[in-house]
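In what comes next, chain A is part of two complexes: it sits with chain B in the first one and with chain C in the second one.
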Partner chain A sequence: MRGYGRATPYLFLAPYLALFLLFVVGPAIFGLWMSLHDWDFQLPGKPFVGLQNYKDLFDTQSTTAEPFWHGMRATGIFTLASVPFLVTLPLGLAVVLNRRFPGRTFFRAVFFAPYVLGVAVVGLMFRYILDTSFGVLNAFLGLFGIGEIGWTTEQPWAFASLVGMTVWWTIGFNAIIYLAGLQDIPADQYEAAELDGANRWQAFRHITVPGLRPVVTFVVTITILASANMFGQALLVTQGGPGDTTRTALMVIADTGLAQFRMGQATAMSYVLAACLAIVSLINFALLREKKS
Partner chain B sequence: MRQRRSPGFWVLIGLLTLVFVAPLLWMLLTSFKPIGESQQAPPTIIPSDPTGRAYGEVLTTGGQNPVLRWFINSLVAATLHSGLVVLVASMAGYALARMEFRFKKPIFAVILATLFVPGFVFLMPNYLLMDKLAWLDTLWALVVPGAAGAFGVFFMRQFFLALPRELEEVAMIDGANAWTVFTRIILPNAKPALATLTVLSFLANWNDFIWPLYVLFSPERLTLPAGLKLLQGAYTTDYPVILTGATVASVPVLILYIFVQRYVIEGVARSGIKG
Partner chain C sequence: MNTINRRMMLGGIGALGAAGVLTACGSGSAGKPGAAPAAGDGGAKGYDGPAVELDFWNGFTGGDGPFMRKIVDAFNSEHPNIKVKMTVMQWADYYTKLPTAVSSGRGPAVAIMHVDSLATNAARNVIEPLDDVAKALDLKQEDFADVVWKAGEYNGKRYGIPLDMHPLGFFYNKTLMTQAGLDPAKPPATADEYMAALDALKGKGIQGHWATPFQFTGVMSVQSLLWQFGGELFNADSSKTTWADEPGVKALTWFTDLVKKGYSPKNVAQDADNIAVMNGKNAFVWNGIWNINTFKEKKGLEWGVAAIPNIGGKPGAWSGSHQFCLPKLKTPDANKSTAARVFVNYVSQKSIEWARGGQVPARKQVRESAEFKALPEQSILATQVNDLHFPPPVPGIGDALAELNKAVNEAVLLKTEPAKALSDAAGRSDKILEANRKKYGA
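Right, the complex of A and B next:
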């Protein structure tokens, strides 16, 4: 039976859809429009330039291509360096936390706790910990005779720092998603494997890994998206340095659009970055789906 | 039934716990150190000369670092934001989970697709929209646009799908209309999901950094995370003051988290399963 009229579903959806149209769909379309114009926020005229903003990004002679691809490179390096750790370490943590032991709920809560802090807090905290001359990390390493390392001022240490603090901050998030996936794998599969004489590693390899495949696809995809969004850590901890090496694509976009007010060029950059991410996500889904069948 | 674990297992758990707790403890300890001691190499672990100076500087009203003001701004924005999210997302989620209508599938597909669109795509056009609405540098910019995110709707829909149908059928036979069923039957049965979504959207809004950094200008209107950036700029070397600000920003969310961690963790887990 239906206890509601024809318009009722739309009335329930209306408040959300109004927000969705105004702040998501509208801006997505308006952004495309902006990217086709020479949209300087401060100037009165915003002449139509067609695909020029996009062409500029692929023209090595233009002034926008160099900083943009430099930023894309920093984002790419950070993503390539962080995703393997952010996918495997939380899986290891989840496997440990999936075993039964006293205080398990408490430890889960502890390992997830950093994630409830904001990037501003985490960034400032690590900036102090990683300081070359008076940071506690170098002091600790000094106990083992390791000399001063420029964690925020030298490469490759700056990238190592950004990856390390991101792992510390977000490991719990992916671990919890894996844990939920692990609990969906029927226990009798492990019991059957045990009867067949499989050891712990074989059980992990042949039951856990295939059972987790959809969860892994999801984790890899959201982690790539999150890593490509990296901004706060680099802004607060390395301040884009040393040189411009950790100035990520998002920093370049925000700077071009909201500091230099060249918003047409900045939105074109956003769409190119988003398109790259869409391609990466599709490849990722295709690869992991193929293995399944 | 619990199994015995080897000492090696407990050493691993102990080391991991230390790694996760130490940075937080270091932040707290540093907030009680004088500037000189905070820049000492090698550092002291326990402040040898503990002082509440940084707290005095950060928490007194009317100073040039209105951390208390930022705290209140963050609290008001995050509270209003999470209330708005819960209201619109539960209504929309209910319609998408339990009602039949013509454009249901395409509407849900479009909403779901935006979960995978990176937020920065909307940064520039939304900034201009804030300008047009005269919402720049106001509370509106912090509260409203974020409520258009797809996560809340998706989350509530998944919860409503799992509720037994009999709940609403009995009420409908009694002649209750859809709104009465929703507010009297469905919402009371959705309390855990509503609480989880409230906390998740509160945390996300409290911690947001990029958006407030760009849409707020006046020092007295900033939120805590954007204010911390200012604090770092003004006091590059005064780490006790900077980390006191960071502590003040962390304590409320950590306390909130301690009380509701089961729901937060379940909420995150649930969001991943059918992603």
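Right, the complex of A and C next:
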């Protein structure tokens, strides 16, 4: 290795860098290029339209603005509704699962298990559970005299259903990350606190929470991004309805690009969505970063 | 999605990998028209060249798959120098994969396409004209129902050889009809009879026709009604949307009233209307002919099928159609082109086997055969053949029709009044039609 000197780190990086350039940077630049055209890969003419695709997204008279912003709104509502649950519930779960008790490994496995299912499986399952007329959920509620609820065809129930199934499906993933974070907090801090007479809540408040800060930042960020990219659940369970209220930005983009073959418009939408997410992530980091003492 | 097969909705396993919009299109090169259409005999005289292998793509993932497989196996054993390799995938995936495969030179030699996707794919250079096949096989308009034949044409050229039609039909639960004092041998056929039957069912506490807000099959029902009331979806040159005119409003109002007047529960979920017929909770459902085999498999279900009742005054029903098409090959291969035509010809003539899978053969001669008449349910639905409607052969028409789906959804869920839902959607649809004219240069 000595002979390569300064090149060593770059040589180690090279394989990943090559893949990164080929599959991330390359397509991203190509997509930017596409978004400046009226692009259908199958048509001979791909006229250059400059920023028209972007301008159209802000022009209510265009064909793309209305569906796109409806999609953004659906995405925003879903993200706002799901992230609080997806951040707090797994934390509680992790704290409980971090304690020593018989069967702990079993419960860890139980809560993580749904995460390994594909979205198609989860979607199909919840369609059976949530069906207005034949679903298990309405049958159960009926025992208490609660009338039929249109879990997939009425608002706000449709959003409640999507959030509920997403929490059930992905709770294990965030919990595992929290668990790893919890195990990084030195045990002697808790011992010291105990000696000082701190109760369990105080220990959580003053040791666990600060100790988890970087982990929380990470979890909040990836959860926001994951929620903003919600696609399969709405496609399979609500089909974007009722109306187009749960038709997320990604569904609009996929439909525009892959079903209507308006790749230029779809990539323009992707970039606007990406810019919004970048801004949200930056704000998120600014709010949650560790304060330098 | 332009064309969604019901099985995709049922199975719910759609195009989930569709997130990669940015990277979706490999080379980005213009799909250069490859082979010029072979000018030969269109496969009528067979193929005696060297051995070739043909890829054959379709989306027959449901009960129809095994029937097509059987036909392909028979073809392979009768044609030692042609080997057809059938690849089946979900329709939703199929319609995004096929153009990409064709543009990168990996497209199949033969493919199946729904009639409403033909014009789009023709305009996008995905498939080649096959007038020579139609000519060589002596296929004429009079062999087929007019609409299905015309729907396979775009810009004065033929792009699809119709294999079948899959119309909407009227399925009913005989047990429930008997319970309500109705004669299960005489299903209601007119608007008055239909309402009388629904009232009789209501008298027994049965909601008789569940109105589903989804494309399968609520939107198809509303389209059928629109034609019955004398309407059209688009004007003659498909430059304007006309579903918000009086017939369309009448159609959607009639359908929405099923909910408002209590003949249907509110908020019917996807496919719940059909499941309810099988479970004895709903008496009537308008569903596709593909439903025959689904109902047959349900033990203890007493059911019947009839033509869609004439509610609006003029018989009419929605229908789809599977058509054969030949995707463009990047490197022209005369042998493959001929062999592919031989195959299309063969299947077209064997479409009786296909009818057993739950379809109406497009060919008149097969439809009139004794073998087809021995399929009672299929034959009943085939009586509608002159009243069937297809979307106009206009590229990207599915993009515009997607707006109608939204309007029906909102109206049937009682969110928006039918007239307003339709005219809002028509406004959006008009813009899409205009954008498509520009895009496809039509």
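Definition applied: the second predicted complex is superposed on the first by the 268 of 293 C-alpha atoms of A that agree within 3 Å, B and C clash if a C-alpha of one lies under 4 Å from a C-alpha of the other, contacts with A are read in each partner's own complex, and residues count from 1 in each chain.
As a working rule, contacts are C-beta pairs under 8 Å (C-beta built on N, C-alpha and C of every residue); 3 or more make two chains touch, one makes a residue touch a chain.
As the structure is a computational prediction, the values presented were derived from the model and not from experiment.
S.K.: Looking at chain A, does chain B or chain C touch a larger number of its residues?
M.R.: Partner with more touched residues of chain A: B.
S.K.: Give one of first, second, both or neither to describe whether A:179 is in contact with chain B, with chain C, with both, or with none.
M.R.: Only chain B; A:179 stays clear of chain C.
S.K.: Per the contact definition in the header, classify A:150: touching chain B only (first), chain C only (second), both, or neither.
M.R.: After superposing on A, A:150 lies in contact with chain C but is clear of chain B.
S.K.: Looking at the overlay, what does A:19 touch: chain B (first), chain C (second), both, or neither?
M.R.: first
S.K.: So, does A:243 touch the first partner chain B, the second partner chain C, both, or neither?
M.R.: Touch partner of A:243: chain C, not chain B.
S.K.: Is A:266 contacted by the first partner chain B, the second partner chain C, both or neither?
M.R.: In the superposition, A:266 touches chain B and chain C alike.
S.K.: Under the stated touch criterion, which partner chain does A:38 make contact with: chain B (first), chain C (second), both, or neither?
M.R.: A:38 sits against chain C, while chain B stays out of touch.
S.K.: Scan A:258 for contacts with chain B and chain C and give back first, second, both or neither.
M.R.: both
S.K.: Tell me which partner A:63 touches in the superposition: chain B (first), chain C (second), both or neither.
M.R.: second
S.K.: Looking at the overlay, what does A:133 touch: chain B (first), chain C (second), both, or neither?
M.R.: So A:133 meets both chain B and chain C here.
S.K.: Please write out, lowest number first, the residues of chain A touched by both chain B and chain C across the two complexes.
M.R.: 23, 27-28, 30-31, 34, 41, 119-120, 124, 127, 133-134, 229, 231-232, 235-236, 250, 253-254, 257-258, 263, 266-267, 270.
S.K.: Looking at the complex, which residues from chain A come into contact with chain C?
M.R.: 23, 27-28, 30-31, 34, 38, 40-44, 46, 61-63, 66, 119-120, 123-124, 127, 130-135, 148, 150, 152-154, 229, 231-232, 235-236, 239, 241-244, 250, 253-255, 257-263, 266-267, 270
S.K.: Please output the residues of chain A touching chain B within their complex, sorted ascending.
M.R.: Within the complex, chain A touches chain B at residues 1-6, 8-10, 12-13, 15-17, 19-20, 22-28, 30-31, 34, 41, 93, 96, 99-102, 105, 107-114, 116-121, 124-129, 133-134, 136, 139, 142, 168, 173, 176-177, 179-181, 184, 215, 218-219, 221-222, 225, 228-229, 231-232, 235-236, 250, 253-254, 257-258, 263, 266-267, 270-271, 273-274, 277-278, 281.
S.K.: Which residues of chain C touch chain A in the complex?
M.R.: 1-2, 9, 11-16, 18-19, 21-25, 27-32, 95-96, 99-100, 102-103, 124-126, 213-214, 265-270, 272, 275-276, 279, 281, 396, 398-399, 402, 406, 409-410, 413, 415-416, 428, 431-432, 435, 439-440
S.K.: Quick check: in the complex, which residue numbers of chain B touch chain A?
M.R.: Residues of chain B touching chain A: 1-3, 5, 9, 12-13, 16-17, 19-21, 23-24, 26-27, 30, 38-43, 87-89, 91-92, 94-96, 99-101, 104, 107, 110-111, 114, 116-129, 144-145, 147-150, 153, 168-169, 171-173, 176-178, 181-182, 203, 206-210, 214, 224-226, 228-229, 232, 239, 242-243, 245-246, 249-250, 253-254, 256-258, 261-262, 264-265, 268-273, 275.
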